[in-house]
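Going by the order they are written in, the chains are A, B and C; count residues from 1 in each one.
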Amino acid sequence: MFGPLTVKPKNSKGDKTGSWRTLVRPNYLHQNCIACRMCVMICPEGCVSGKEKNAFSVDYTFCKGCGLCAEICPKKDIAMVSEDSKDQKQA
Amino acid sequence: MENSPLFKSGHTACAGCGQAIAARLVIEAAGANTIVANNTGCLEVFSTKYPETAWGVPWIHSLFENSAAVASGIEAALKYLGKKDAVNVIAQGGDGSSADIGLQALSGMLERGHDILYVCYDNEAYMNTGVQRSGLTPFDTNTTTSPIGSLSSGNVRPKKPMPEICAAHGIPYVATASAGFPQDLIRKVKKAIAIKGPKYIQVHVPCPLGWRHESNKMLSVAKAAVETGLYPLFEYEYGALAARRQITPKPVEEYLKLQGRFKHLLNNPEETKKVQDIADNNIKKYNLKLETQAPGA
Amino acid sequence: MKEFLEGSHAIAEVIKSCQPGVVSAYPITPQTHIVEDLAQMVSNGELKSQFVNVESEHSAASVVLGGSAAGVRVYTATSSQGLFYMQEVLFNIAGMRLPVVMTCANRAVSAPINIWNDQQDSISLRDSGWFQLYAENNQEAVDFHLIAYRLGEDKRVMLPVMVCMDGFILTHGMETVDIPEQEKVNKFLPAYKPLYKLDPENPISLGLLADPDYYMETRFVIQETMREAIGYLSGISKEFSDVFGRDYKDMLVEEYRLKDADKVIVAMGSVCGTIKEVVDEQRAKGKKVGLLRIISYRPFPYARIYEALKNIPKVAVLDKAVSLGAYAPVAADVKSLFFGKKKSPKVISSFVGGLGGRDITTETIHEVFRRLNAKEANFDFVDLKPELLKEEYGE
């Protein structure tokens, strides 16, 4: 008889940590992006994706709003905006 | 959605956790053919709460202090099965589990010559249990077990020289890295993985909660540690210093002022001088100072 | 093939035939001869194992944990302080359901330091989730290792097994032992096929954090598996008997001249050889005495012991360990199983002997039987030296 013992990666979708955001979220402006991928690299959640210029997006299901992508972006093309802001969320 | 298959979203690290970034970069650099043995600590707790796991590679956690020994057993089994050449083995843990309670197991692993990369995620205190002082807590740090008071300005001892302790085993590769320099970290992990034998990488990973800085300041804090000389980035090969990242040293205040754990030092020139001495010693010891200044500097 | 050899060497021979992929150990008396022999076999190329020389027992247990999790058969051995230093890893191995097999060369624990035999070390780990099988002689010690791997690796079980053999008395004792032939071992013990392992082809996470929503079940399933394994042991024992011709019945207990007995000693391990000698001697004089030898201490075969002892008027449990401040461990288990039962011995006396290598002689056993005529004893120490109890400090 076996109880809780092992977990396969595919069985796990993880906690929906996006609900942790209370103040700010990143808004990807898609104006001056050079596709350097620094935002992808620095995200502690691994929830930023994209390949082409001005086409990177963040998965708000998991984004905790730490702001590191906005900090590292060399083109200042990511803005931290208030959770209450009407700026369009990137899907 | 392009999501890292080796270290996935949905883990429960604090926002802006330096260790979460470093752990993801390490496993992505090592690749899918890797087995990870993890010590108890923040990383283990936030990445593998049953029934969920952030790990896309085979991953095992046994105890606080034994990942180096568990990894040794895994590596021995892979050798027995004739699979060692195809699979990387990583053992990893925090600064407490690597430099304090797990030092014996780590030393044994290094001395026996196992083909394993050990990664120490150095956030400079026991964060998982609430910011208690470890052997890698810096001098004059305010932690819950080295609190400042009328008789104390924090942790009384400097960091244990773990990279040198590891390098003294004569192993092929020892490096320090930083979550503030992600490309450098990736390069060092790839280099280490390609070398046969025991390797040790110690990554400086700011902890917004324990160091008391805003989550989006993780990068600037990590960079300032390197740029002041308080966390020098270097590589040892077979016990000899082989490379270091040179800097135009900034005064240590530039690093200390960013963090609540050093707040008590800001109007204390006497204590700040002691921290500056540590940075100056590092700069001298590792020859960190850029010899030719950048134009206009 | 029958050979006259030291117990430790016999164990090394049988472990060689089990072909573990990873062997790891740290030296401690009286376990050392076993692992020295294994190291030599690896050095000679007779045994194709990875022999990992570690810096502590904690790491020895951790190395075999890692090896087992990576999917290979593993082996370690230790004693006394070494077993205690392994303790947290041993609980961990059981919790991760890894079929590690180890030999415990039973030895007293410090302080004061003492390298000689009693069973305090393994008995203190009775709650760890490891099976514990106690051997009476070196043939059993050899055979129980084969049974240990079969039991632990059984897909219904997947738990670690500790074979306990009395230090020096067995490990360093010379006996004639039938060393199982490789062909027969292969027949009885197929290659290990893990149910789960660390493998990049099919990644799993193992050793996760289980919060209050999940932890209880991890303990319940081990408890249930141990209970069920009481039944599996007799099947494995039957197969063992078919291949090797030595019959350990249900592998739970041995009943020695219990029929019509009115006085019975309950004990474990090599002391049972001495007890059998006394039983034979007293039986020859017409005295109705017997021995119930416990082989499987964990799981504890409650029902089987109940059946064996329910009609015996007087029972003495002879422990080679103590639970300081409470009833002796085996005695407590035996006494507890009769609570509320319709049939029960009138007397269950508890004796403690042989601690730290104090010889349990035939005279000791006669004395235990004699004391069964007196009122019920609770943890009475036998063979004590009263003159050593007089040391005083202070005014």
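To be clear about the criterion, contacts are C-beta pairs under 8 Å (C-beta built on N, C-alpha and C of every residue); 3 or more make two chains touch, one makes a residue touch a chain.
Computed from a predicted model, the values in this text were never measured in an experiment.
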Touch-based graph of the chains, sorted into line, ring, star, complete or other: complete
Pair of chains joined by more contacts [C-beta pairs], A-B or B-C: B-C
Approximate Å spacing (C-alpha centroids) for the pair chain A, chain C: 55
Distance from the mean Cα position of chain C to that of chain B, given in whole angstrom: 43
Between chain A and chain B, centroid-to-centroid distance (C-alpha), Å: 24
Contacts with two or more other chains, residues of chain A listed in rising order: 4, 7-9
Chain C residues counted as touching two or more neighbouring chains: 96, 203-206, 208, 210, 214
Contacts with 2+ other chains: residues of chain B: 48, 50-51, 53, 55-56
Contact set on chain B toward chain A in their complex: 1-5, 7-18, 20-21, 24-25, 48, 50-56, 182-183, 208, 214-220
Residues on chain A engaged by chain C in the complex (per definition of touch): 1-9
Interface residues, chain A side, partner chain B - complex: 4, 7-9, 11-17, 20, 38, 41-47, 49-51, 59, 61-62, 64-68, 70-72, 80
Interface residues, chain B side, partner chain C - complex: 32-35, 37-38, 44-45, 48-51, 53, 55-63, 65-66, 68-81, 87, 104-105, 107-108, 111-112
Of chain C, residues touching chain A in the complex: 96-97, 158, 196, 202-206, 208, 210, 214-215, 217-218, 220-221, 224-225, 228
